[in-house]
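Down below are the structures I want you to see.
Shared chain: chain A. Partners: chain B in the first complex, chain C in the second.
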Partner chain A sequence: MKVVVVGAGPAGIRAVEQLVRAGVTPTWIEESPDGGGRITQRPPAGFTRSAAALYGADAGRARRLHATLDAMKPRTDWRPDTLVWNIRPQDRVLHTQTDGAAQAEVPYDALILCTGAMDRVLPLPGWTLPGVTTLGGAQVALKAQGVGIGAKPILVGTGPLLWLTALQYAKAGAKPALVLDTTPFLTKAWQAAGMMWNAPTFLRGIGIMAALRLRGVPIAEDATPLAIEGVEGATALHWRDAAWKEHVTPCDAVALGWGLKPESQLADLAGVPFDYDALQHNWVPRRDAAGRAPVAGVYMAGDGAGIGGAEVAELSGARAALALLADAKLPSDAALTAHLDGRLRTEARFRAALERAFPYPAKLAARMEDSTPVCRCEVITAGELRAAAAADAPEMNRAKAFSRIGMGRCQGRLCGTPAAEVLASALGVTVAEVGRLRGQPPVKPIPLQQPAA
Partner chain B sequence: MTATRLLDQDRPGLIFTVDGVEVPARQGDTLLTAMLTAGLGHVRTSEFGDGGRAGFCWMGACQDCWVQVAGQGIRRACTTLVQPGLEVIRR
Partner chain C sequence: MQADVLIVGGGGAGCSAALHLAKRGVRVVLLERGLVGSQATGVNYGGVRQQGRHPAGIPLARKSREIWSRITELTGADVEFDPCGHLKLARSEAEEAELLRWNALAAEHGLHPRMIGRNAIRERFPHFSDVVIGGSLMEEDGSANPRLLAPALARAARAAGATILEHHAVTELAHDGAAFDVRANGTHFTAPWLLNCAGFWGGAIAARFGEPVPVEKLHPNMLVTEPLPYFLRESLGVVGGDLYLRQIPRGNVIFGGGRGESDAAISVTRPRPEAAFGAMQRAIAVIPRLAHAMVIRSWTGTDGEMPDHFPVLGPSRTTPGLVHAFGFCGEGFQTGPGVGAVLSELVMDGATDVPLEAFDIGRFTAAPGAV
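What follows is the complex of A and B.
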């Protein structure tokens, strides 16, 4: 039986572990040179920080994950630096590209997609300036490269990553000039009871917020970012506080992020249907609680199958592998399956509270000024999208045909969420009704002479 | 913009070139890190007339840090490690 696991983050590592335990030798494909995922990303060779310095409270989990990752590589057909850029579900074949060049077709009987997530953004005037990054990007810079995106950055958005990244920058010696959370304090406080479903993580979050205040990092909650100022690069943020007073705060970099969105393009190409998850404010590929897609032989786990965080990714990765093994009538651990199901149910309650505590500010996206570029690849503005709506584009793919939104080099990864808000608002319908940009191969750009082969 | 070296920077130095000019870097730097910490400010120029770009996601998703590398074609600066003598051309 040919089993392929795509992705070597927390979900992929735990999926492969269960497959190998059952005697299966999967093909294991990872786009990066090494596995580990984003939260527990390892720096390249030559960096010397300890796991404790790199991952803080996640150090133990990171060490265990990396130990399993390294132990599993020789027991699989391990293919790092390899991008899956297309899937032909009717033939059960993946198209891959290794080291930016070598093409291959990889057949599969069963497939586990562990494709992760990226930051969800809200475009602002000036967000294409040098010095503006995602929150995840700001964190990767520090973790995997030991550099700050600036010496006095401003961090903007909402969610746990906002606060965690701010503290990491403060500790590294680049104290943020401002942490701007669009969510009011009370919205977060109301969810405290629900977040006790994962008490250690919740208390750690409270500790991070307290530590930032102790370090004297300026914090604004219930605030609105208005524009990023700069010529060659970001030099200030214009923003409005909860009392509607406007401020200009100087900085040398800005990081933006409002939670995460699944990187689910491959599930789309595999033929998996998607549902709108109103709580997460994301489109998520359809799957059962164990990770089975309604497409035979396709399984999904981790943030790519719906945002759950790194702990859930480990649980759901193992669970999806156990589902695959059970479906294939191979030995699978019934006690572990029951344990994982219980843990996943509890974590879902925590995640529901977390999503309510840090909501995507959809109204800000809907109210975006006409001149703001929604698509940074091809500088397509909110006004152009509204013109598409006026020209009778009732849903996203029609708006794409009219305006080129989502046709740029990132394939709608960044603009998809905010563009749907702008379009829905212009049409006076819900964001679920305008749909989502359909995935298209190649899921990331590849050299033009290759796909013809 | 200038990225700032903060932690874990005790690595051997090397030299590569950007648009024909020698630029110092350290082993383990990505091209994005090396170019932005060296003060180059941007890694490419937008084809749509809105100025320089210096990447955005730092994790290979947004495709906003494309550079030309001699002998390798177009590469993402954020996922390509710098090598001694590597020749980068900003587009």
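What follows is the complex of A and C.
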């Protein structure tokens, strides 16, 4: 049986572990030079900072994950630096490109997609200036390369990653000029009971917030970012506090992020239907609790199958592999399956509270100024998108046809979420009704010049 | 709902017919299964090309080209029509001879392509490789944005009084000898005229009225690169048609060649990697500087293709009031506006100035000798 696992983050590592345990030798494809995922991002070989320095409270989990990753590589057909850019579900074949060149067709009988997530961004004036990146990007720079985006960065958005990244920067010696959380303190406090479903994580979050305050990092909650200022690069953030007083805070870099969105293009190309998850504010590929997609042979786990975080990714990765094994009538651990199902149910309750605690500020996106570029690849402004709505674009793909939104290099990975908010509010409908941008291969750009076969 | 004319299919031909009829005061209802311009009209290369057509198709292409000249005024919208010229390249002496042969034919039909010889092409297009040994330029040909044409025609048709109904898939079709009864989205529509502009699916409508034709699906395999410095104004083709390529002013190079595929079970069309690689290779062979450009998207859609490469265009042989316009074999984007005009003339005047003999559905359905 040919099993392919795409992705070697927490979900992929735990999926492969279960497959190998059952005697399966999967093909394991990872887009980066090494596995480890983003939260437990591995620095390149030769970097010497300790796990404790890199991952803080996640150090133990990171060490265990990386140990499993390294143990599993030789027991699989390990293919790092490899992009899966297309799927033909009718033939069960993946098209891959390694090191930006060598093409291969990888057949599969069963496929586990562990494709992860990316930051959800809310465009504001100045967001395309040099020095502006995402929270995830800022964190990866620190963990993978040991560099910060700036010495006095401003971190803007909402969600656990905002606070975690701020603390990591403070600990690394940067002096964050401001942590701006668009969510009011009380919105978060109200969800405290729900977040007790994962008490250690919740308490850690409280600890992070307290540690930042203790270090004297300026914090603004229930605040609104108005514009990033600068000419050659970001030099200040113009923002408004909860009392509607406006401020201009100098900085040398800005990181933005309002939660995460699944990187689910491969599920889309595989023909998996999507549903709108109103709580997460995301389109999520359809799967059952174990990770089975309604497309035969396709399984999904981790944030790519709906945002759950790194811990859930480990659980859901193992669970999807067990589902695959059970479906294939191969030995699978029934006790572990039951244990994982229980944990995943509990974590879902925690996640629901977390999503309520750090909501995507959809109204800010809907109110975006006409001149703000939503799509940075094609430089399409909110005003142009509203013009498309006025020209009778009742859904996202028609808006794309009229305005070029999502037609650029990123194919809407970045702009799709805020564009849907702008379009929905212009049309006076819900964001679910405007749909989502249809996926087309290649998932990421490939060069015209292909090596001779 | 009662109308004078029912149109099934909201591609370029159907939307143009709706516009031309509405402008003449006709009560016209257009039924479109999805959104207008979602299939062949919306996903094709965007070539506004007369060059290379069979002589039997030139009068229709010329009529349509005349409409393209006033497309902005006709639709009240910018559909990015640019008469940038269509340059058809020869990569061998045999291909060069083919260009000369067609140019002589075209001259008989009032078209004036111009040969560009080896030295001139090298001089004028320094980014071409030595593979290119000559070309033929049709200066009045060009390109437009396929995503904009059908919606622009539909918008103008609405403004002229037409009823354009999207998300109205036709589920029943009948004719009682005098009028058509069409059911779509739960509503009955009746009219003495029915225009079959349903693309590949037009074959099913023809079959419903006792005129089955051998129409096949055609899925053009399309690709686009990231924006590159602007270096190419003309739209390019090659003899044999296995590559077509143009650059839009913002820099992206749009090209195609080969065929995509479809999965009937889930009504999905997909570009084919093998076709994409072929087109990529042929593009680099002609323009080496594209080697390191990145393809950012590929796509396809569904057109109808006939075995003799002519569309089915003209009155039904079985059913009075039924007029067919489908199976445009990948060449319908240019002709769409003209086809709509022809259909409006057939309905209103009982005749058109475009010879339609070659496109008659009877070529597939009539008994030999019976015309």
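Everything that follows uses one rule, which is that the second predicted complex is superposed on the first by the 448 of 453 C-alpha atoms of A that agree within 3 Å, B and C clash if a C-alpha of one lies under 4 Å from a C-alpha of the other, contacts with A are read in each partner's own complex, and residues count from 1 in each chain.
Here is the rule we go by: contacts are C-beta pairs under 8 Å (C-beta built on N, C-alpha and C of every residue); 3 or more make two chains touch, one makes a residue touch a chain.
Fair warning: this is a prediction, and the values are worked out from it, not measured in the lab.
Aligning the shared chain A places chain B and chain C next to each other free of steric conflict.
Looking at the shared chain after the overlay, A:376 reaches chain B, while chain C stays out of its contact range. Of the two partner chains, chain B is the only one that A:129 touches; chain C does not reach it.
When both complexes are overlaid on chain A, the residue A:445 reaches chain B and chain C alike. Shared-chain residue A:398: touches chain C; no touch with chain B.
Of the two partner chains placed by superposition, A:4 touches none, neither chain B nor chain C.
Using the contact criterion defined above for the overlaid structures, shared-chain residue A:174 touches chain B, although it does not reach chain C. In the superposed model, A:88 makes contact with chain C only, not with chain B.
Among chain B and chain C, the chain that touches a larger number of residues in chain A is B.
By the document's definition of touching, of the two partners only chain B reaches A:147; chain C does not.
After overlaying the two complexes on the shared chain, residue contacts for A:409 are found with chain B and with chain C alike. In the composite built from the two structures, the nearest CA pair linking chain B and chain C is 5 Å apart. Residues 408-409, 445, 447 of chain A lie at the contact with chain B in one complex and at the contact with chain C in the other.
Partner chain A is touched in their complex by these residues of chain C: 35, 37, 42, 147-148, 151, 155, 224-226, 263, 266, 268, 270-271, 273, 277, 280-281, 283-284, 290-299. Those residues of chain B lying in contact with chain A across their complex are 1-12, 26-30, 33, 36-37, 41-42, 46, 48-64, 66, 72-75, 79, 81. In the complex of the two chains, the chain A residues touching chain B come out as 31-32, 38, 43-49, 53, 100, 118-119, 128-134, 136-138, 140-142, 145-151, 172-174, 232-234, 252-253, 263, 373, 376-379, 408-410, 413-414, 444-445, 447.
For chain A in complex with chain C, the touching residues are 86, 88, 90, 95, 103, 271, 391-392, 394, 398, 401-402, 407-409, 411, 440-442, 445-450.
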